[in-house]
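First subunit A sits with subunit B, and in the next complex the same chain sits with subunit C.
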Partner chain A sequence: MKFLLVCGLAGLLGLLGAGLVGIWPRPEFPDPDPVAKAWGVANAVAAVVLGVRLWDTIFEVLVYVVAMVGVRFFLLGMRWQGELPPVAETPLLRRSADLLLGPILVFALYLAASGHLGPGGGFPAGAILGSALLLLALAKGVERLSAELYEPRLERLEYVAVVFLLFLGAVVLVLGVRTAAAFVVANLLVAVEVAIGAWAVLHRFASARGEV
Partner chain B sequence: MAAVLLCVLALALAVFALTRRRLLWGVIGVGAHSLVLAGLYLVLAAPDVALTEAAVGFGLVTFVYLLALRRTGKLVVAASPLYPLLYPEGEGIAGLEWEILTRFARWYHRDLELIWVPRAEIPRLLRSGEAHLGAGGFLPTPEDRLAYTKPLLPTRLVLVRLGEGPRGAVAGEPTGKHADPSGKLFEDAAELAHALARGEVGEAVTDLLRLREWTMQDLFSEAETQILPEEYGFALAVTPQDEELHRSLTEFLAELEKSGELTELLRRYLG
Partner chain C sequence: MEALSGLSLAVVLAALGLWVMVSRRNLVWKLLGLGVASGGSILFLVALSHRPGVRPPILGLGPGPAADPLPQALVLTAIVIRFATLALALALVILLTEHRHTQDARRLEEEE
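Let's turn to the complex of A and B:
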């Protein structure tokens, strides 16, 4: 076992060395700027993710949604039995969560809305929104936040976002529409999708094992 | 150059996170490692990936770990004080059991939290899962329905007679059944001792270690003592909800006994 591990490590280091000295052939990448120009956006990454490789992105989002649905389905019957210990509330956490929530939300929305112009886009924005929800959960307790957010409605919103994204994908791919507005909407939809999915899965795991 | 420096820093932080015994430091190390990785991606001209790494690795993952830590990262000990097993000393806590518990917590990668409660409260807290361990001269009784470790220290129950009056004992302890039915039950041993000294109760049932404590405090002079025949042992109580904790604690105590450290600790605290 140890021998295999050492062999594997040596192989990986050898590959890395070969790549660094240039023996390994490197793939030829096309110049990203013409791609960005062809799609009418400033950020080449956005042009690739939501333009040239839109099919990849759509299926990635669908895989994500299927994973969320799977977690929900299989954790449905698991609930914590018996009385749960109360969470000690610290004023520091409460206050910092209150103070940070606004700036985090604005930053996430900015990232999603400006993904076609600079670094950002739907996925990081969704992750940041999810972190904001987790920060609140840390300060308030998962169950309380879930009740305040009215979770079933939130989950329906997630599915609606997916449907809209598919519709948008059809418009861009079939009709060949290339506008910056499509990028903005797609990024916002992906952000909503990722944030709600992250929150829902965390809530399921947390409440299946007990209150946090 | 900056990329190489960031690589070294990332590696150092990964090692830092892996070698911490306290889970919280490990989580902080992982978060810092992600942040350095995000910086590395930025230097390598991949700002989109850097943003995602910072948001997921530093934000989301750290918060998930922190939430998990709130649930599992603490080891709550419910105890009542007993010198020299577990007692408050100045601002802190000391004693034989405390030393064992702190070593165990370090070995089990948990932070210790101690709450002082009356003896009768301990079984309820452990059964509901609000506390994980019960300590402080804990004498097991079958009614508690908890899991126990092997007795750390053997003891006997003692009947202390000072004068006429009802018999007193501490609620929840096995001493309680010697006090029934006309006896008085007290919240803790200190109250019982004061009641005995003031003459509210004529007799008290307690154990050898608490009698030693009372004698050292010089609460009363000429008491007549009678050692009861049953054999007991001070043990640590474990919540019945967590079998792994019980297994680990038993294993840890067995190791401590095998290496001779337990004997050394017993000698140091009890002479």
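Let's turn to the complex of A and C:
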């Protein structure tokens, strides 16, 4: 087993070395500007994610939702019974997390709403929102944060966002509508869905650990 | 040279993750290795889409050739999917630990 692994790693490094020497010519990049112009947006990455490869994105969102549902299903009713290590109280981290939450929220909303014009989009915005909630949970403890924030209604909002996203995808794919407004709405929906999914999974793991 | 260093770092990360996945026996360690290896592959795709002197693939950022937007679009979804599948795998490991009282892959195989 170890021998096979060493052979595989040596093969990987050999491939890298061969690539660096220049055995395979690297192809010219195609011009992405016509793609962006055809979909009426400035960011070619957004035009690819939500335009040319919209089917991929829709099914990717579905995979995300199914994985989140699976986490909820497997951790249902599971509770760690042992003793939990005490969480250190750090006023500095708690205060700075409170101060940072507002700017992070605004930044994530900005990224989601302007994803069709520049760098950004729904997925990074959702990841930023989710990591902001994770920062808050680390600083204040999941128990206090979930008393403030957690509601089963939030999880329902995630499914509503997915349904609206599917509806929007149908409008774009079947009717052939190509506007920047569809990109803005889709980015916001994806951000909401990813952030709520991340927060719900964090809450579910914490409750399986016996913290909530 | 910048792209080259990104590519070599990506391959080193993937090799590190694969090594951890095979050599460690704890399932959580294996999942950590999987995360590192997939981070290496993501970095590989991003580094491939960059060449010295290209501009970002956004309209109105000057003349010259633009970077390829396709690997970045792939990576965008791959990161989120990686998070979702890692969370699912960790939930499964928790379930396994609850039922079999071990996270050792070899012992789990022997008990079969």
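As a working rule, the second predicted complex is superposed on the first by the 192 of 212 C-alpha atoms of A that agree within 3 Å, B and C clash if a C-alpha of one lies under 4 Å from a C-alpha of the other, contacts with A are read in each partner's own complex, and residues count from 1 in each chain.
Heads up, the rule we're going with is that contacts are C-beta pairs under 8 Å (C-beta built on N, C-alpha and C of every residue); 3 or more make two chains touch, one makes a residue touch a chain.
Model, not experiment: these values are computed from the prediction.
Touch criterion met: A:S131 reaches subunit B, while subunit C stays clear of it. Legend: residue contacts after superposition of the two complexes on their common chain; A:G121 is shown touching both subunit B and subunit C. Contact with subunit C, but none with subunit B, is seen for A:D56 once the two complexes are overlaid on the shared chain. Applying the stated contact rule after C-alpha superposition, one finds that A:A198 touches each of subunit B and subunit C.
Once the two structures are superposed, subunit B and subunit C can be ranked by residues of subunit A touched, with C on top. By the touch criterion defined above, A:M1 lies against subunit C but remains apart from subunit B after alignment on the C-alpha atoms of chain A. When both complexes are overlaid on chain A, the residue A:L111 reaches subunit B alone and has no touch with subunit C. When the two complexes are overlaid on their common chain A, residue A:G169 makes contact with neither subunit B nor subunit C.
Within the superposed three-chain model, A:D33 lies in touch with subunit C and out of touch with subunit B [touch as defined at top]. Shared contact residues of subunit A, touching subunit B in one structure and subunit C in the other: 43, 45, 118-119, 121, 123-124, 127, 198. On the side of subunit B, the complex with subunit A involves touching residues 47-48, 50-52, 54-56, 59-60, 63-64, 66-68, 70-71, 128-130. Taken in their complex, subunit A has these residues touching subunit B: 43, 45, 82-83, 85, 87, 111, 118-121, 123-125, 127-128, 130-131, 134-135, 137-138, 142, 198, 202, 206, 209-212. Residues of subunit A that touch subunit C in their complex: 1-2, 5, 8-9, 12-13, 16, 19-20, 26, 28-33, 35-37, 42-45, 47-49, 53, 56-57, 60, 63-64, 67-68, 70-71, 74-75, 78, 117-119, 121, 123-124, 126-127, 194, 197-198, 201, 205, 208. Contact residues on subunit C toward subunit A in their complex (touch as defined above): 4, 7-8, 11, 14-15, 18-19, 22-23, 51, 54, 56-60, 65-70, 72-73, 76-77, 79-81, 83-85, 87-88, 90-92, 94-95, 98.
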